[in-house]
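Two complexes are shown next, each including chain A; its partner changes from chain B in the first to chain C in the second.
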Partner chain A sequence: MTPPTFKARRPATYTGIPGWIYAVAAAGALLVVLPLVGMVARVNWARFIPLVTSESSLAALGLSLRTSAASTVLCIVLGVPLALVLARGSFRGQRVLRSLVLLPLVLPPVVGGIALLYTFGRQGLLGRTLEVAGIQIAFSTTAVVLAQTFVALPFLVVSLEGALRTAGPKYEAVAATLGASPSTVLRRVTLPLVLPGLASGAVLSFARSLGEFGATLTFAGSLQGVTRTLPLEIYLQRETDAEAAVALSLVLVAVAVAVVALAYRGSGMVGREITTTTAPARGGDVR
Partner chain B sequence: MKHPLAAWAAAVLMVLTLAACAPAGQGGTNDDGAAGQRRTLTVFAAASLKGAFTELAGKFEAANPGTQITLSFAGSADLVTQISQGAPADVFASADARNMAKLADQGLVDGEPRDFATNTLAIAVPAGNPAGIKSFGDLARQGVKVVVCASQVPCGAATTTIEQETGAALKPVSEESSVTDVLGKVSSGEADAGLVYVTDARSAGATVEQVPFPEAAKAVNTYPLAAVKGAGNKPAADAFVAFVLGAEGQAVLAAAGFGAP
Partner chain C sequence: MVEAAVAARGFDVSLTVGPGETVAVMGPNGAGKSTLLNVIAGLLQPDSGRSGLDGKTLFDLTEGRNQWTAPHRRGTALLAQEPLLFPHLSVLENVAFGPRSGGAARRAAAGSALHWLAEVEAADLRSRRPAELSGGQAQRVAVARALAAEPGLLLLDEPMAALDIHAAPLLRRLLRRVLAGRRAIIITHDALDALMLADRVIILEDGKISEEGPTRDVLQRPRSRFAAGLAGLNFVAGQITGHGLRAGALNLYGQHDDLPGPLPTGQPGVAVFPPSAVSIFLSEAHGSPRNSFAVTITDLEPHGDGIRVRAGEGGLLTADITTAAAADLGLAPGMQVYFVVKAGAVAIYPA
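The block that comes next holds the complex of A and B.
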């Protein structure tokens, strides 16, 4: 024990966390970690490679990665303007719009699936019009992407709106007084400023898309290579081959862990960069 | 740890919380108890039995005052997993022999399983039959959107059998993991036709029409039921099994569209 070193390393940080908080925190962490351990303990390692590289598994994994990437792009394209409007705009019904956009966060995915079905389905609100135009969404990969975008969009909007509010509008205001057009301000000032928030929002959307199950099952169906994503494949395998389901679950956990780790590292790095570049400007007090 | 007492308090609190979540009345099922005391019988039954078993349970309770039946419906494979993980079931009614065998292999079946019903497939079409489906052969027609069960689940296995017997290869737009999902796609009009059990098509109401087809006889699904080993309430479990196999039970099942075993 060398208390002086300890003190020297963390001189003025107040760590006034009561001891019992650690006990409850440990219980909370266990609640999340223990089931994962339980699942890993059930993996049949001898069969693991053949199980996860079977034709149906690879088809499901490939489809999941492709659709999640597509829905992440859609989330960025649609979510960035939404977040900007919510964070910077001021108009009637803004609060209502925010609540509505965030609704998929709290909605059970099955409900989302039913809602999508009665909107884009053959008998749905837009279905007839789409059919006349020769577009059929139900039972197609498009339906999977649509379902994933529906549930993942709020993650991007929430992250980005938070980042926009934290950054504040003052740099944008300065750029505008210097003669930059709104589009230039957006491209040269706003977006670089909130890039970490956008990145972590995009990664979260990707992760949420990857795990999407309920809305896809209800809305898109389940056919190998077309609509049967990895979660649906796991759900189906469980009927006959529990070991295959566990092995595939582990793959999904590994991908999810990698994605979350990437999000933390990525946003951390970009975050530091932004702080250093903006620090002098703050010191210079342009106002 | 700095505050062992607080840690213990937290641990005790957690255990108490979990204990409080345990099903109430669990003690009651194990006691033989005096006459008139409420006793619970837990029946795990395949999802397709929902309508029939809900009615059966009501009749059994009426015939056996003091016994209360708790029903749990899910896919047969799900129920087997739940029972083998310790879910408190007294009776298990499976939608196929395969899942009953899975439970028996784990030594969790008390006595011989008894077959109590059969079920065959029917073609379910949306109300009005927009695609004009009249036979099993129509399902293989170009442009007809057919939804079936995946071959991993009982209804899908039956579909595969019929395909092999008739030589008609279907090109489904979706292979769902349960009959309910197939029925959902049909009743919402997304699919032109779906292959489901006769009983499911019947219980779906006015949104779904049924097209019977003779080839269905080639894949008859048999439903077995049995008391679960270690059942808290063995006499009541046996009584319920006998009730389902008896005249009254069979009448309810027949009315729901099930065939005799």
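The block that comes next holds the complex of A and C.
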């Protein structure tokens, strides 16, 4: 007979974790898991397929995936250089820039939406100039992507900057003395070295974009097929058809789980890179 | 040729390395050895100075000029203490990195990489990942990678320091072969490296060159305490007198056979003698030309088959005696004894 599996396994090495910590940790895990269970319990499985394949649902899901993909690409394009100058550069105002870039992490998304509106909106800082050029951003799909990028960019920057600091500049210095130009070093050494950090940052950005609600609603509105992403559709359905909202929520959870599982598959590297973001910077010169 | 000063680190060095010459840079920790290599490689910008290599200006920061060549255009490959092989590339790709960066086609770069891998006897490792190499293998590959970049000047920063005692002799032999006739600067803590690998040695202390010359001369006639320590010699600095050397209350008699003419009396000079030439007595000994001086023992430590007795201020004077002799005399730290050295064993020369 096999021993009961629920019995706490004695770890091979001393962990130093007090027993009661496990109880509190279990409470923390329950706080996350229990609501998901509660939601799944309310799913009307008989109507599930029709609910999630309705025209509005599919439009919202498609829009969410497209815009999130676009904002993730935008996060990579803009976030990699930002992380590089923050981690490796040396200039005045570097600390201020870091704080500002990370601001959307702690800012209520609605505030972000208002800020975007008064920048790119018709009456905004750049809005008039853009309108003269024939570009109108607010309440368009572009606005959705911009709002998502605004809130998701810090996730990529934090993740990648941490990976860059952990890797240190030693490999880059050696590559330079071997005759590689800075662009070659970036392409052949730096980016491959921090690829796990970049991947985890991209996954986090995508997940954050997928769940974006407040900034999108404020800056882009809720127009079916144009700006009404899945979270907006869920919020709207909740007013009229709670079962549809629950079914769509489950889809969103499934998509999020799939994305995270895909990125974390194989190695534990991605997860570890995230934890290193707070690691102190290591020495600068080559020894 | 390099002349450079870094004010923040109190670093001020001027040095020339001839074509095909290998120079060893030695000195205590924090003396500025790595600073020197980083300045030459372009990883650290000095406050002032200039440097050139094969007619190319590496940097010129003298009055009114501000010329600076980027590290990748210098042709000064750096081999550090750690191999620092790129972990995401195979051994072959690592060695081909330099040629590829220099614009060589993929095939030509791979060919050159194979050549250099064979040169360091690591051709059979070519498809491995750096994580699958031992420390000694990785450092050999790193040597091949640095050489494959065909540098005009090879910079080696304690390449043997991180290796275990079995891997170091192999790499030292390898470096002796590949450094022959090649312009290189090697930082080392080991007098053996300087003797085997370098034509000339430079002693760097507190950011300044305290001594330089052909390796043999520096080790045989050290003019700095650090070089004397490397050569395993006792070192006393003082003033040359008619009979020998005076350093404070200490009068040393010695010989200067291999120097032409009399010693310049009144000039600063140094006396060196090996610890093995020192005998220890409990009472003052007189007699034939000998030096005898009272010292207080600071430490006893095992040394080879016997015991090294450290004495005097800071334990700077040493005597090597047999374990039996130490037991007979009942030596212990704090004891006052007499160090006795035959005048014939003390070499005195101008500093």
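Here is the rule we use: the second predicted complex is superposed on the first by the 254 of 287 C-alpha atoms of A that agree within 3 Å, B and C clash if a C-alpha of one lies under 4 Å from a C-alpha of the other, contacts with A are read in each partner's own complex, and residues count from 1 in each chain.
The working rule: a residue touches a chain if its C-beta (ideal position, glycine included) is under 8 Å from a C-beta of that chain, and two chains touch if they have at least 3 such contacts.
Bear in mind the structure is a predicted one, so any value in this text is a computation, not a measurement.
Between chain B and chain C, the partner in contact with more residues of chain A is B.
Looking at the shared chain after the overlay, A:Glu55 reaches neither chain B nor chain C. In the superposition on chain A, A:Ser181 makes contact with chain C only, not with chain B. By the touch criterion defined above, A:Tyr171 lies against chain C but remains apart from chain B after alignment on the C-alpha atoms of chain A. Within the complex formed with chain C, the residues of chain A that make contact are 170-171, 173-182, 184-185, 188-189, 192-193, 195, 285-287.
Across the complex, chain A is touched by residues 1-3, 6-7, 9-11, 14, 75, 77, 81, 145, 147, 150, 152-153, 172-177, 181, 184-185, 188-191 of chain B.
Within the complex formed with chain B, the residues of chain A that make contact are 18-20, 22-24, 27, 117-118, 121-123, 138-139, 217-218, 220-224, 227-228, 232, 235-240, 242. Chain C contributes residues 34, 38, 41-44, 70-78, 80-82, 84, 86-88, 97-98, 101-102, 145-146, 149, 151, 155, 157 to its touches with chain A in the complex.
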